[in-house]
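Just so it is clear, A, B, C, D and E label the chains in written order, and each chain counts residues from 1 on its own.
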Amino acid sequence: MSRIGVFVCHCGENISRTVDVEQVAKAAGEIPGVAYSCDYKYMCSDPGQTLLKKAVAEHKLDGVLVAACSPRMHEKTFRKAAEAAGLNPYLCEMANIREHCSWVHEDRDMATAKAKDIVKLMVERVRKGKSLAPITVPVTKRALVIGGGIAGIQAALDVADAGHHVIMVERDPSIGGHMAQLSETFPTLDCSQCIMTPKMVDVANHPNITLYTYSEIEKVEGYIGNFQVTVKHKARSVDESKCTGCGVCMTKCPKKKIPNEFDQGHGMRPAIYVPFPQAVPNTPVIDRENCTMFQSGKCGVCAKVCGPGAVDYEQKDTFTVEDVGAIVVATGFKLYTIDRKPEGSPIQGYGEFGYGTIPDIIDGMTFERLASASGPTGGKILRPSDGKEPKQVVFIQCVGSRAREKGISYCSKVCCMYTAKHTMLYHHKVHDGQAYVFFMDARTPGKGYDEFWRRAVEEEEAVYIRGMVSRMYQRGDKIVVMGSDIQVGTQVEIEADLVVLATAVQPQDGADLLAQKLGISYDKYNFYSEAHAKLKPVECATAGIYLAGACQGPKDIPDTVSQASAAAAKVMTLFAKDKLERDPVVAKVNEKYCVGCFACKKVCAYGAIEEKEIRDRQGNLVKKVAYVNPGVCGGCGTCQATCPSKSIELDGYTDEQIMAMIEAL
Amino acid sequence: MNAKANKNQVTSIEPAYYQAITEAIRKEAVQILKDETVVGVVGYLPGRRKGTASPALVTTVEEAEKLIFSPACVNNLSVYLTKAKKGVLKQGKVGIVAKGCDMRALAGLMTESQLQREDLFIIGVVCPGVYGFGVERTGTLTEANIARKCRECTVHMPEGSDVAAGTHTELADLTPEEAEEMARIEAMPQAERWAFWKEHFSRCIRCMACRQVCPFCYCEQCLCDKNRPQAVESSPRPAGNMAWHLVRAMHLAGRCGGCAECERVCPMDIPLNLLNRRMAQELKELYDFEAGLTPVEKGPLNEYKENDDQSFIK
Amino acid sequence: MKNKLMHLSNETMNIGFVKKVEALSGSSVRRCFQCGKCSAGCPMSTFMEHPPNRVVRLLQLGQGQRILAGRSIWYCASCETCTTRCPNKVDLAAIMDALRKLSWDADGPSKESYVQLANRLFIENIRTYGRQYELRLGAAFNMKSGQFLKDLMLGPKLISKGKLKMFHSKNKNIAEIEGIFKRIEEMRKKGEAL
Amino acid sequence: MHAEHIKHDFEPKIVAFVCTWCTYAGADLAGTSRMQYPSNVRVLKFPCTGRIDPVFILRAFQKGADGVLVSGCHPGDCHYMAGNFHARRRFAAFRALLSFVGVDLNRLQFSWVSAAEGGKWVDVVTELTERVRTMGPMPEFKELEHEEQWSTFAGASVDKSTVLNSPELKEAYDSIG
Amino acid sequence: MTPGKKRLSYSYYPGCSLHASGREYDISTRALFKALNVGLKEVPDWFCCGATPAHNVDELLSLSLCAKNLSLAEEVEGDLAVACAACFSRLKTTQHHLKEDDSKRKQVEVAIDGPAALNKPVKHILEILAREYGLAKLEESVKKPLLGLKVAAYYGCLLTRPPEVPELDDCEDPSIMEDLLRALGAEPVKWSHRMECCGANFTLSRPGVVLKLSNAILESARFAGADCIMVACPLCHGNLDIRQKEIKDAYGAPDSTLFGNIFGSELHGGSAPDQRDLPIFYVTQLAALAMGVASGSLGFESVITDPKPLLRDKQLL
């Protein structure tokens, strides 16, 4: 760059009060290579910008420096102006002589001297600058949604409704997730299945949604706009294309006493089954572990009774590869259990509550099933051990949650509300029963939430006891609950018929393995990490992957749905253009000198660096070098600082630019 | 670290010990050349002058029968695979004779994707030490003629090799000269430390022998040879010398295996290994990293922990 | 029980005392979020005017003197149930030890004299004889506490069963015990130990 | 806030290498809040502390910096997720090396200054400037710049002009240019 | 060490109680070890461990006393066997604390004027029997299985709490005593109060406390249908055995307890609450009995709540 223009701004009096801008402009004009310099009252104003454009044309400037405010303020403004004048926008830089100079110093001489220095440094930066072209990446306008709970369903429907194709992958035989298991939902107490099942059907019927249930993610390759995802379709043993969903196989299956996972093990199902009557798809799956045919080779009843001949014992796992441009991760949660944990596990069980051996100590989800009209008791609250109606029910909050001694320090966020809901459901169903709740804090922020909790206390007569339970043991057919009421300052002992534990929300099993496949980060509990806690709560740090629901942290249904729609909006934003354009501040590899030590790859937080083979004309491998995928590179430059031979370089912050600035110190 | 129980501490290591290793190396080298496991073996042949040895790539059984191991086998042979005899790996698997410090370099080079373990047949040598420089070469290794780096060697056993020659034997009661020297420098007042290194570096003639002999200086273009921008002045003047040696120490931090070849080949007797050892010591203290005998996924400066020490940061 | 107004200010909160408790016990006080699990499981809670969770709460408020004035700390049986079950890993048993030590050092105005007396006699016994002789301990306790008739019926029965020895001798190496006591006292005098 | 206007005998040259997302923004905030601090500091903006190469620090000292500041996002706040973590290790090692060769680490400051910490930026810069001011100019690297290799030149007692006083030498030297 | 090849042998720290109120524990321990051919050599000139009173008011003293005892124990070969749960807890706590806290260790080493023996393995006799001698071998050695004897295994506080110190078993749901009982042929009952506090050393200063807490334990054991209680701590034994009569006097009246209230009338058909005498056994007494050791050498005569009727009833005498 040999014809640089320097424009010094007064910013009204903001700069000129403490900095002698004329002197700065004059000094700038004397720097070799500066072809033009001037000062002006308001560079960012229309006349100021016109001044800049004119000067570029008149003086044939090939680089522009505006000495004014912080680039965080007006860099875009001036780059646009420079572009309008026919310059590459990246050849326009700003020298910050306001925030970093005139506003923070009062001595006019020293501030002026500093301003001159800043201009001198930045002139060097402009001099060594390069024209950069925005990077474009093609976008495949198909989205993958992992997980078919309410989060995945919402995200999938939103994206599909916007006209883009969606692939939904669900691990279980049916979509619906945890929400399908719930009886009623806070704070309105509407029936969960009533609001959930229509959405499930929508997914199944949507022309833009391809639904893969009983399937898992095998492998993920590619980057934003261009992922290749291998999906594993686990053998269902039932041909989905033939099955009519008549259900005869299930009624005829001789093996019927298998605890039903959907009912938390309290109801029974056959070996060929759909998890629940409203399942989507309504195609059964054979549980091979429990099927007599698979275990001993003798049975085959389901195949015999199936009219369309859909039962297929020979079915194998199959794989498909899907090209997608964006991925929404909505894998949800699981509930903590109080059982004894394997040795060395960071999470501990509750020995003081009997390690889960007392049958009438159940968790919240089991209570949901007991309260659900479609549940194993038909909606009657009956306790598991003897089927009696419990008259004294103790609810305990924060089991696992907020217990760093058990390995979980966080608050599970939903338990306060659902416990309040449980006390109401219980009171509605067992009028002469009494509910007690041991709690530490009632955390009920949310629209209508605190009112809901107060209703449980004031109208539904739940007795809330501020304190925790130290021990529970079976005595006769009662469970003795030893707790304390810290407000009264005494111990409390309750002989309960049933105890319901609000157990912690934990990430799904295998969340870490999926994260590793996706190349996204997760916290020490295996919850997925968002790119920014405040401003990018939906995005992953890995571009093109978005989070929805409890896989990112405990969430209730409204929050989950909001985040799912937000994730869908992010996907749609990405899909709004045919090509993805992004800031060209990315790293490039000098393949001539790269020796392939891949230190850059090791430090890259984005996984943007790949190994590339260089071959000669005969096709023989000459060497392996690093290759930066510009679509993925975040532009931090850690790779360049790490590279011993500096064979990788970050555009916009090249060694040449930086060294030139240091030389000018 | 080796189990103390199994090692044998002696006051001198006699030629017979080296002879036994020589035999073992020859046997193995002949075998793998014969059965075409490898296309060549990098090892040591007797030097022209008596009592010396020089690195060589042998490709025939006849040559392999001349391979030796003696206290004069000072060179780190790993450098031959990435630099001097780089081409040979393209022809097939290569055998290499490796002392503990060579093994470390090989492991480091594997970590850095410069070598693949499956391309190598490593004939490990249980090395009790080699000669220092300017010492009397009697054929017997003693406290008087052992190299400085070998006095504090922790890698006598070449774990991770395909075969190992020799039995674990060490010289007893060696004074840790390098450690003492490091401690002495650390104890100096800051200005004196500066003067110490300034004097040493001012002698540097930038012959680049240190770079040439270093297994880790395998860059095709050294940062210090670049002139756009010129980060390190390339003429042998004090400013550039200081910058060169600091940059080199930084680039080797977390990688250097401590073979001290740089120090051995320095014509100006600059104690270069002290810099490398100081960095190794720091990385051990801060991140519990030690250059080992097996490749790792990432070196200490290519990874991080969220709770790394930051007591020096405000 | 009087419910005295708690006036909180930098002056009335004795944080130095809390720091001492934390140093002696090696456990954080602030970490407690008052879930009350300690009090729920404490076998001695019913005997205390401040249940365990409130002892920690008073510490958090810098009200060490209120704790020392009461008898709660002397009714702790050191059963470690609280420490074992605390969700926040607050070592309450160790905090109780620390509080008793500080009360002991201050010759505190505790209401609970019997437990303190028993402890004192127990330790004196060790210093004098090296081992514990229960008959002497019991007798001395009854004498000093003025309960001459306590366990009157039990004593002879136990003696006849061989459970209480009428006679006993000192350890041969009793001087070593005295040495331990002396050296600890010295360290404390020099401020080398708490 | 009015800083005192004292004319000092020595105005140290302070160079700050900062990341754009946190510390640069923090310094901006100090500006918009009109906080005052010594004008000695010259700021070089980087995308991330992870981009900062130890060579830059070395070069800054050689080019006359009396003090160097490296500042970025707090751990966990890195805009690029982990750049500052890598920088932390790199500079921990570099500090050890500089100290070993006899550089006074009081001249090299590292800090985490977030976009919200205008006050901390002022504190860090002020403290470093004042500390370096009391230490005086940094002679080490500057001397090296002006010294020649041969020991006769390196010897402090020998003045360059006297060595170049023979006409032949002078001529040879000038012809090198 | 492979069992069977070399004879197991231990150094032994009995503690004060085992030389006085808990003498039958000492006697039966020695008899049992002899019967099992396991060596036991008493540490000469041991001191009191300081028990609860010392750490109650002076942790440094408590740590120093234990450290001194540990260094005395160093003189005797073999891991240190401890029978008293309180001594065991103190000795293990001392090792744990001093290993973790360097400054405390230094203070203690000044106090005892020598190094603290932190690596001398300290073993409770329960773990020696169940793990080192081994349940299988123990079962083989049984000569007179304790058939039909329903035993409530009582752990108390100090054997398992806090979990990181004794490292004996799960701190909330241990099974070592029950396993041992099964090996001896007895029938461990499932009961609720096996880890509740008995009142411990309040027996001297505030016996009322002990009466209340120990009563709950006895009631719970009776409710579970136990014939007797097995303990591994002389203090627990003292409280449950010596004060059993007193407890009955204090709480014996119907409807005076929680259990009496709720279950008493219902379960016992309106009759008076269960007031059976519950003999309290030391683990070593039962084990030795099963090994065929003569009952005369197990100190049954020293016990207040006479166990002989029960043993006769079960044909174990």
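Convention: contacts are C-beta pairs under 8 Å (C-beta built on N, C-alpha and C of every residue); 3 or more make two chains touch, one makes a residue touch a chain.
Worth saying up front: this structure is predicted, and the values here are computed from it rather than measured.
Any chain that touches subunit B and also touches subunit E is listed here: A.
Traced through touching neighbours, the fewest hops from subunit C to subunit D number 2.
Distance from subunit D peaks, on a Cα-centroid basis, for E. The central chain of the assembly on a C-alpha centroid basis is A. Of all chain pairs in this entry, the one linked by the most C-beta contacts is C-E.
We define each chain's centre as the mean of its Cα atoms; on that basis subunit B and subunit D are separated by 35 Å. Here the spacing of subunit B and subunit C, counted between their Cα centres, is 62 Å. Distance between chain centres (mean CA atoms), subunit A to subunit C: 52 Å. Look at where the CA atoms of subunit D average out and do the same for subunit E: the two points lie 69 Å apart. Of all residues in subunit B, those touching 2 or more other chains are 223, 231, 301-303, listed in ascending order.
Contact with two or more other chains is made by residues 352, 603, 642, 655, 658-659 of subunit A. Touching of two or more other chains is recorded for residues 171-172 of subunit E. Going by the touch rule set out above, the chain pairs that meet are A-B, A-C, A-D, A-E, B-D, C-E.
The touching residues of subunit A, when paired with subunit B in their complex, are 592-599, 602-603, 611, 624, 642, 644-647, 655-656, 658-660. The touching residues of subunit A, counted against subunit D in their complex, run 70-72, 96, 98-101, 103-107, 110-111, 113-114, 117-118, 121, 521, 531, 541, 585, 603, 605-606, 634-638, 640-642, 650, 652-653, 655, 658-659, 661-663, 665.
Looking at the complex, you find that subunit E touches subunit A at residues 170-173, 192, 223, 258, 262-263, 267.
Within the complex formed with subunit E, the subunit A residues making contact are 340, 350-352, 354-355, 473-476, 480, 493, 495. Interface of subunit C with subunit E (complex): residues 24, 26, 43-44, 47, 75, 77-81, 83-84, 91, 93, 97-98, 100-101, 104, 114-115, 117-119, 122-123, 125-126, 130-135, 137-138, 141, 150-151, 154, 157-158, 161-165, 171-173, 176-177, 179-181, 183-184, 187, 192-194.
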